[in-house]
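Heads up, there are several structures right after this.
Next come two complexes, and both contain chain A; in the first it sits with chain B, in the second with chain C.
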Partner chain A sequence: MSTILPGEAVPAQHVNLKLGPGLLQLSSADGKSSIISTRAGELNHSANRSRWWIESNARRYVPASQESVIGVVIARSGENWRVDIGAAHMATLDGLAFEGATKRNRPNLKVGSLLYARVSLAHKDMEPELECFDAQTRKAEGFGELKGGFVVHCSLKMCRHLLDPKHFLLPMLGAQFPLETATGLNGRVWINAKEAKTIIAVSRCIEAVDSDGGGMDEASAKHFLGTLDI
Partner chain B sequence: MKASIGWTAPPDLVLVRSLATLCRGAVTPVEGETKSLTSISGPIEVRPNLEQPSHATLDVHIRPLASISGTDSKALAATLKALLTPSLLLSHHPRTLVQIVGQALCGSNSGSGMGSAGKGWNTTLIASLVNATTAALLNTAAVPMRGVVCAVSVGRLRSQSASPTLILDPSESELPYLSGSGCFAFLFSSVVTALPDSEASSDVPPCSLLWTNYSANTSFTESELVDARKLAERGAVEVWKALKESLGSMGKSAVTLVGWKRDKNTTVKEVAEEPSESASESEVDDEKMEI
Partner chain C sequence: MPRPPSPSIPEKEFLYASLKQSLRVDGRNPLEMRSPTLTFGSELGWVECGMGKTRVMAQVDARMVKPPPERPLEGIITIHSELSPMASNEYEVGRPSDEEVTITRMLDKVLRRSDVVDKESLCVLAGQRVWHIRLTIHCLADAGNMLDCACLAGIVALKHFRRPEVEVVGDEVTVHHPLERAPMPLSMHHTPFCLTFAYFPDPSTLPVLDPSHLEQRLSTGLLSVALNAQRELCVVQKAGGIPLTPEEILRIVNIAVEKAKELDKIVETRLREDWAGRTVEVR
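Our next item is the complex of A and B:
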């Protein structure tokens, strides 16, 4: 758990070594290979030192396979939908990639609809592709169109925190009022509640706890929530 | 008779993390009175005419403090692009764009135009621009990097004797006394091979010189250039350490302003006959203010 800059050598050695995000293995001309970090952040490794990775905060999403993202439909191209997931390229969503969809029974999406989808294909040379069902069960499992609500933008590390069941924020908010959220790993969080002021309060809390907006801890967040008029 | 090297204190390096949400990663380093701001956006969507099938396109724009960017700004943008291309792993994001906009926040009052092209871009400003770009790249963490580019400026004092005195990071007020200056940019990475005469350190990766524009208005020898490079290397190591330290103190809580305030020791020791380097150490004041 130490701060590391890009280009620094990482002393990762194991029989079954797995390199996570931010690490790269380079081989030099004389056949020796070295592992260097490719981004700035905290170097972490698993307990048995077989898995190494770098924890960093970014704001720009780079698609990776099997990640859940929130997308906005921007265009229709034939039977497919073009979806903006905040990456460098637009993603493609097949019109039939929903639970129980057939040629006669398709979901009725419009340009501007919000979707909670899973990235099924992400490769640096190809456009990412999305699916709106779980990979194993082929059922919706929460994926699909999101109706109503409001989308908040936050940093990628904040999204990872929100998806962590041990993080304090969502249980703290859920204890105050009924709430529906969907967190995408692309820096977007969808919030739905009965009243507009609740949605606004939740979005302000998320922005306050985000390290970009100040990085509040639990006690200050609780105090902050108390000052909002809900 | 070797040139003597006096070492003024390394630059004040203050990294301010600004939270612009539109541009991802914007940092202002404040070097003495020299300031510049860089913003990085990327990898983002690219126009089809700029798209490259196997690499990300690097688009660098430099703006001076006043008026539109002219020939010297465009030349500096081309230099910065050449500096950054070996340090970034652009092949990881083909058909995307990484856009870098650098803005000078102070002009050149002296207009000495030494070394670098024309008025408005003195060597310390170029160094601060390169360091600002590096800090913004570290902040954005979305473009993979092979190493860290750090730059410092070296000036050469006007003197009648044959052994000129080199100083590190000449400030705006010292520019009229210089007869030569140049900016040196180094790439710090464990995959570069350092020159045999570099001072190795266990916690700092080896560095190699990427670019310099050292020039003078009288002739100078190759050994002077070597001395200037060695002096610049020591300064660049300090810049690297400052970047790492500010990164370590960033993150969890509120926006942190990390400043390295060193006493600017402006006296330069001129040692005539001895072929030894005289380095004037200065006190280090580490100030951290939490906003």
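Our next item is the complex of A and C:
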């Protein structure tokens, strides 16, 4: 693990090389290719050196294919919905990209509805596209409209941490009270619980643990949760 | 790029429902401010003010200029405020939003037109030489209630600033370098603080002080009051929104007086601490 700056060469070589976020393959005319970084952060690789990625923190989301995100419906344009996912451009969501949606039976979304969706297309020259189901099985698999609850905005590093099963925060909160969450990789976390007080406690904990906010560790987060009135 | 969308329906419903129970999303009481943090730079008159994640930087500098002929005995104060996309993606370069216009106008009213700085004390030589005090305000991050933060940063910067001492012998003006003679603080009449209250559509919801970004977006009206710790009201601003009764405004002003006293204490303590830690060398 080492710190890397954009433009640096990365010594990644493997027969079955997979590049993750922040890495770019450059190919030259003589058939040779080199890997360079496009972000500043920590360079990581898997044990067998086949997967490489850069771990960094940011606040602005750049869509990447197959990432789950939380978006807000902005407008309807014909068959499609325009969704804000916090990226530089609006994303489009096909009106039929829902479980059980047909020409007659469309999901009833309003402007301002909250969605949990997956980025199905992310290309640097095109607007991102979303889908709310698995295109193969046509099942929702948890995606779709989010009703009730509240959205917390956090840094992109924090929402990746929340998706990590080894991270302490969500198990710690879950041990105290039942809660429902949906984590988008675009720095938005939807939370729902029975009482408003609990939702506020969860949102404050996420903000306190976020390295952009308080940056608390497990012990102080536990203490902080104890001081909240729930 | 279009303006960012208004908050989603679940966010809106949750905020209104929890405000009805007097709960705020960041855990504050309805009439509780985020306590300001003031950071001073190595230069005099350089202040960074933070309220939660809202951050504003203010800087003061002074130049000697010739006064305009219609006001030969007064110094000049100008305020430059800049809201760049750095603060939030809601702001664009070249097209001032309503909020930006409000902030600029309020800064002008609170920091210049309420006669904070004694302009006559800035006169060096009548009709020939006066001080031109320039206050530059940079908004670094917007997490709600940028106006109060900017006003606080501006007033603290003016209080923190010291101008070089000047000696006038006949028509000769000598400006002493800060290293030769201790620089002088600006002569200030009072220290106004701006406090913003947000109102919500449901009349049973009480107003909240120092609204966060989300609360500000979902409010139906903002009432900004600028006053000093001596109970002197400088500016009341309410641009549109729900109508308020005179009793309600008086009630808010009374609350604001208490908050202004608290702020005054914080500012005075911080300025004193900074001054104690600073060694101004005089040869």
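Going forward, the second predicted complex is superposed on the first by the 218 of 230 C-alpha atoms of A that agree within 3 Å, B and C clash if a C-alpha of one lies under 4 Å from a C-alpha of the other, contacts with A are read in each partner's own complex, and residues count from 1 in each chain.
Operating definition for what follows: a residue touches a chain if its C-beta (ideal position, glycine included) is under 8 Å from a C-beta of that chain, and two chains touch if they have at least 3 such contacts.
These numbers were taken from a predicted model, which means no experiment stands behind them.
Contact comparison for chain A: of chain B and chain C, B touches the greater number of residues. In the superposed model, A:V62 lies in contact with chain B only, and not with chain C.
Of the two partner chains placed by the overlay, only chain B lies in contact with A:L24; chain C stays clear of it.
In the superposed model, A:A88 makes contact with both chain B and chain C.
Of the two partner chains placed by superposition, A:G187 touches none, neither chain B nor chain C.
In the superposition on chain A, A:I200 makes contact with chain C only, while chain B stays out of contact range.
Looking at the shared chain after the overlay, A:I36 reaches chain B, while chain C stays out of its contact range.
In the overlay built on the shared chain, the residue A:K124 is in contact with chain B alone; chain C does not reach it. Looking at the shared chain after the overlay, A:G213 reaches both chain B and chain C.
Comparing the two complexes, residues 88-90, 213 of chain A contact chain B in one case and chain C in the other.
Residue ranges of chain B in contact with chain A, taken from their complex: 19, 21, 24-25, 41-46, 87, 89, 92-97, 138-142, 144-148, 187-191, 205, 240, 243-244, 247-248, 251-255.
The residues of chain A lying in touch with chain B in their complex are 3, 5-9, 22, 24, 26, 28, 34, 36, 38-41, 56-60, 62, 88-90, 124-125, 153, 211-215, 217. Put simply, chain C touches chain A in their complex at residues 1-2, 4-15, 17-18, 21, 23-27, 53. Interface of chain A with chain C (complex): residues 72-74, 84, 88-90, 110, 112-114, 146-151, 190, 196-197, 199-200, 203-204, 207, 213, 228.
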